[in-house]
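When the chains are written out, they are named A, B, C and D in that same order, and each has its own residue count from 1.
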Amino acid sequence: MSVRLIESLATTEPLADIFGDVSLIQAMLDFEVALARAQAQFKIIPPSAAAAIARKVQQEDAAAADFVHWGTTSQDAADTALVLLLKKAVPILDAGLLRIEKSLRKLAAKHKTTILMGRTLLQPAPPVTMALKAAGWSASIRRGRARLNLAAFEALIVQLGGASGTLAAMGNRGIQVAESMAKQLGLAFPDAPWHTHRDRLAELICACGILTGSLGKMARDISLLMQSEVGEAAEPVDDGRGGSSTMPQKRNPIASALTLAAASRVPGLTAAFLSQMVQEHERAVGGWQAEWPTVAAVIQSTGVAIASMAEAAEGLTVNPARMKQNLTATQGAIFAEKAALLLSQKTGREAAHQILERATDPGQLRNRTLSQTLAEIPEAQLEKGALSRLEDPRDYLGSANEFTNRLSRSRKNRARRGK
Amino acid sequence: MSVRLIESLATTEPLADIFGDVSLIQAMLDFEVALARAQAQFKIIPPSAAAAIARKVQQEDAAAADFVHWGTTSQDAADTALVLLLKKAVPILDAGLLRIEKSLRKLAAKHKTTILMGRTLLQPAPPVTMALKAAGWSASIRRGRARLNLAAFEALIVQLGGASGTLAAMGNRGIQVAESMAKQLGLAFPDAPWHTHRDRLAELICACGILTGSLGKMARDISLLMQSEVGEAAEPVDDGRGGSSTMPQKRNPIASALTLAAASRVPGLTAAFLSQMVQEHERAVGGWQAEWPTVAAVIQSTGVAIASMAEAAEGLTVNPARMKQNLTATQGAIFAEKAALLLSQKTGREAAHQILERATDPGQLRNRTLSQTLAEIPEAQLEKGALSRLEDPRDYLGSANEFTNRLSRSRKNRARRGK
Amino acid sequence: MSVRLIESLATTEPLADIFGDVSLIQAMLDFEVALARAQAQFKIIPPSAAAAIARKVQQEDAAAADFVHWGTTSQDAADTALVLLLKKAVPILDAGLLRIEKSLRKLAAKHKTTILMGRTLLQPAPPVTMALKAAGWSASIRRGRARLNLAAFEALIVQLGGASGTLAAMGNRGIQVAESMAKQLGLAFPDAPWHTHRDRLAELICACGILTGSLGKMARDISLLMQSEVGEAAEPVDDGRGGSSTMPQKRNPIASALTLAAASRVPGLTAAFLSQMVQEHERAVGGWQAEWPTVAAVIQSTGVAIASMAEAAEGLTVNPARMKQNLTATQGAIFAEKAALLLSQKTGREAAHQILERATDPGQLRNRTLSQTLAEIPEAQLEKGALSRLEDPRDYLGSANEFTNRLSRSRKNRARRGK
Amino acid sequence: MSVRLIESLATTEPLADIFGDVSLIQAMLDFEVALARAQAQFKIIPPSAAAAIARKVQQEDAAAADFVHWGTTSQDAADTALVLLLKKAVPILDAGLLRIEKSLRKLAAKHKTTILMGRTLLQPAPPVTMALKAAGWSASIRRGRARLNLAAFEALIVQLGGASGTLAAMGNRGIQVAESMAKQLGLAFPDAPWHTHRDRLAELICACGILTGSLGKMARDISLLMQSEVGEAAEPVDDGRGGSSTMPQKRNPIASALTLAAASRVPGLTAAFLSQMVQEHERAVGGWQAEWPTVAAVIQSTGVAIASMAEAAEGLTVNPARMKQNLTATQGAIFAEKAALLLSQKTGREAAHQILERATDPGQLRNRTLSQTLAEIPEAQLEKGALSRLEDPRDYLGSANEFTNRLSRSRKNRARRGK
């Protein structure tokens, strides 16, 4: 099925199909068929009508046509159809997230000892490992996946309430019908209809909003590491994608760009959904009509971000040599904290701070490293051994490895998953 | 502590205090004291320094002053302090939500047989009960409370990472220090620092966004029921509040107004938080600085909505007489669906629909009820008994009572609560 | 052209066509043709290539194919194409807005003396006229139209910058090429390329955000007036639209519902656009890719709101009898302010307030009007004439008519229009 | 006046004062005094009462107290007070914006020939000038200032409508009173009250939303240029600000951080305002109560961004040496487009593209420049002169200087300013 051009910037082909007309009409038919079967089961409509509806011949069969949509309201069909689309979409998101987690786990395992400078406020900071970076991305995305699945578990429910949400047209068999339908459609039936109680859908939308934030953080980091002046990592080169029409040699962070686009789009859509929750009485003025395009856009944008980061994670190139080179280029300035801690044990904190201010003056550090500078300051009485290890990044990683392990083995969020 | 005038529209006094200067400074001191004690325990700083810091005399004690904030970064203190404020704020929200649930449960119990017309797209629809309405509000708010507590359970964690999130300045004892601190402060320590992984806070913000949506739905319903032309329910009259400077007799829906204000404000703030999740590397440019005012505003606005709806729920006046009167005033039109169902069993759906179109013509219904009109249409062959019961709302409530019971006894969401 | 089902809730057919594939591809071709012609004019590419491109035969003509898109970047084509789509969309919005203004002007003219009760916080208030209400809607929409046209005037500009926004590949003839292109395409060329300066587009999006707010206010009012308990106005009955599958007699506020859906959707989309404005350097990571679906969604949702309110305005039914009846049903309570003002001239404000509190007690007003009640309170020394006119709404309209006239004749915003 | 700690991240001291209690109470008093004087002038209240109110002694003067707030509603005072605060705030924003424009104009003038590499998708691109960059920032901010002033011109209006917006309590002198008040307060009086027509305020909020986007773009660029690996520009070092508690030598982009915080916060607040525009009838449920904290937050956040970027612009350090060095480090790759254009004149576009793909292969460019590589490819028949000029950035600036001039001299937006 063809994806429309403008939309194609904000969806993937499988998700475009799911939210396309064919899929939507099928979901609505599934609703009607399950409804008719359930109603026949409880003798609300004749079995022959249900059979005709199930064969979709009801248009020629006037008697059967009478019983299509019996005792329900259009929002029943619309909401259930939307849920059926979501039921197809969520596993696609989940699978993509698992791809990312798996790739990042591999990446972390491979780069336990790959050291790069930390960066805070986009300025150099003490060293970290590539493994810690990848594990951090991964853990946040794993938590996001748990939220998504839990929210889906709550939200994948049949809507059936009839005109006022009491199923009055089905007498006292309404709940039995609803539960039969739910079983047929592979959904749950909640305590009651939820025509104007949209909190479960809202939780799913919010889960997507949080996920695109986490994916966007990963994408921002990658796009920054890909800068030619940094050159520490790169997205994979894809079949033509990422090429530039004006600069043939360019390797553009296309996956990151698409992910950042989603991450800047979904928050506003989330706000749109949340502000639509204030719905009147039994069914609202402008209720689900307002939600559908928003839900479709959120799920599809999230899907783009997931698919993009899955590609990026699977093919990410890491350049340890540039990492080392960039780290060395700081002339030891990123070890000023370490030096200050060592010094202050001897001189007190205030004096140590002053020594470091002198030692890390850009004029001082122009041609020498921090350890060389400190060696020339008499007050900076560091021992030779300490001085020589000062700028060894392996000596100043703190709990980086342990944090990486904790982030990687953490499965406790699993318990929250809906399945 | 005085609440500033403009802010006072979007906070309650207890929450204003929690996010006020005194409380914030105390939280930051708590962080420093817990840190110092933990560091003394693991011999990173001298016990005497920790003791001086704990006595807050460190400003006069230069040796102790050296060890304040040792090996940490300002975001460690800022994030942990924010979490400590949230730890005080969430129980206030929770208690308010419980008040609402309790009151609505009472309301539902009291009004099991109080019938009012349903309203869809703000037009008359088949009848519902006041109990079902209250149970619907309540269940959605209960689910929201579960989300809030679960999110708080995840988010109430110590931040401690130092300059680059590795706790390098604490050698190999960083995690022990962090866990000791967490214990002292009554928080958890997560797998790793979360300077630029803000998904747990985001979940808390989203939980508030969803809650204000559910509270806003309740407020919208109440404000609509309070219209003088409807007159079916009313907020309690408070000490002066709700009075009008120009119309002394007026009873304004003040609690609903404040709640609707929050419900229209929090979604945008939620979007602001989500779009701030894209944070660079180890600590971001404009990271937590952007979040603090947003988090404070979200929690406080949610608090206003909760406090307002608690008041409204506790003192809500229901007017069964007006409900009956409004229902009767529809001349039976809201039972057209019921009549159509009865008729179509005899005439088929299409014919029944046409009969009803004639019977519910406003000209027809002007002076007579639907049953009277139908009695005069020969094709409408309903039996006397069916006709006489046609406009009895008790006879067309479907599963309203069972839905109410299911919504009221539902405790399965409890399992999701963090405590 | 068929409109996809989910989208069809948030667009109109003409706008769906404009943002459809055929239209977009045509706009991109128009860009390439105009570029080629301009470049041929300034001898950057051979005239024969430009001619082949203009005949769209360039795919068979290898020499011409070489010169397609010469010296530009893909964002040049994408942005200019988007602008060309907007150039077609804005007049549709403008025409719809003019329809609304015209209908509301007629409505105001017709209902100068149609009096209804004012409503504040959804409670009864002193009377207003239907003309004032319509003129208020109209003026706000007229100001919105002025903003839209001004923003479009600024935003309908060619994008042409090449790889870095310097048009380097066109030597020193870049600006001439750009200006020739602009002329061909009926657009302006701004001071410089605007690849990462998106404020003009943002202004257009904001203009739509403000407009949907104004249209949503009108829709909210109409849907409230349409409540069966109020019954003071009604949307026109459309060919089938607005009918209910469960309640044949129902007249749903469909135009209002679609407008309110748009009004709750566009603010979040506006936030999405604004947060995408922070774009890096010469061209951003995730820049226009993020914007396109947002811009298309905003324009189309605004279009739905405009088309819906145009229909509603043109066919709005007003029911002066119900207005009078509802006003009378307040038993004079809405004239309490008037009574208080009259009384306080005699008794002072505080005493008047107290008298009114007694007089407007619901117990008092149950069977009598305010003037009857006051007549029985000895302290309430109002003259007979004043008492008898107290509840005449025509006697308490203040400047309603003058405000209506001022709102209707106001043309000063015209000056701001771009044309 | 002290600024609260959490808020202080999102306001400046002058703006905190303006939206503080003292200032707000003064604005409300100003409203009451102006009202009383106007009403005395038109004989609605006694001159003695107006005089007492003006002397603020009315609390002791019972007769005067009777006439405070006569015939108005609380929203009249609230809205007018808010407008009076905005009247004080906008010139502060305007002055800050002028500081930025002035500094950037100087910067552009100084760096007409300072060349740096362009960057698209955060990858190297053909060269631009620092002047063009500064002029681009400046022009977008100048357009934003024009929008702000125009919106303020429209929004700085008195609110006066009384209970239902008809000024009924003032008989037929309402408009005269309102116009007299407006004159006293230095505001305009619009066609009619605007209790539920909030589009003018919305325009002001949107203008701030657009401005923070433009300021955020500038801040993002600066923070990227400040990266140690780039080092092409730096924010000024402020008195202590920007220092790091863990890294004494660090120079943090604090102004950019605060601006980016504002730029990610204001869009959500803008959405909140826009979704609050749907206000019921004559005065809304949760109307201005919802707006005040939002308006205050938007103006203050915008103020932080303006003040921060003013500081940054005034003290921005540019490092032409690093710019040259970074540009050279691309080994000529950024001139691939230029080479392709030159080549394709000889070989056709497709062949040129293929040659460049080979020549810009990272393996090729490792130790040689693009011109050296091309010299060794036989098919790449570029003349010596062209080859030697290939990597001279001055030879590939296209219209950069002319664009800079056009952006700098552009004054046409001036016409749109309200003053």
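Please note the rule applied: a contact is a pair of C-beta atoms (placed from the backbone, for glycine too) under 8 Å apart; a residue touches a chain by one contact, two chains touch by 3 or more.
The model shown is predicted, which means the values in this text are computed figures rather than measured ones.
Looking at A-B alongside B-C, one finds more C-beta pairs in contact between the chains of A-B. Of all chains, the one whose CA centroid is most distant from that of chain D is B. Computed from the mean C-alpha positions, the centre of chain B lies at a distance of 31 Å from the centre of chain C. Centre-to-centre spacing of chain A and chain B amounts to 24 Å, using the average Cα coordinate of each chain.
Counting partner chains per residue, chain B has residues 71, 73, 119-122, 125, 162-163, 169, 219, 223-224, 246-247, 253, 257, 260, 263-264, 266-268, 270-273, 275, 285, 337 touching two or more of them. Considering their complex, residues 62-63, 65-67, 71, 73, 118-122, 125-128, 132, 135-136, 139-140, 143-144, 147, 150, 154, 162-172, 174-175, 191-193, 196-200, 202-203, 206, 209-210, 212-214, 216-217, 219-221, 224, 260, 263-264, 266-268, 270-275, 277-285, 337-338, 341, 344, 348-350, 396-400, 402-404, 406-407, 410, 416 of chain A touch chain B. Of all residues in chain A, only 119-125, 223-224, 226-230, 244, 246-254, 257, 267-268, 271-272, 275, 326, 329-330, 333-334, 336-337, 340, 353, 356-357, 360-362, 365 touch chain D in the complex they form. Interface residues of chain A facing chain C in the complex, by the touch rule stated above, are 4-7, 9-10, 19-21, 24-25, 69, 71-74, 162-163, 169, 219, 223, 244-247, 253, 256-273, 275-276, 285-287, 289-290, 292-294, 296-297.
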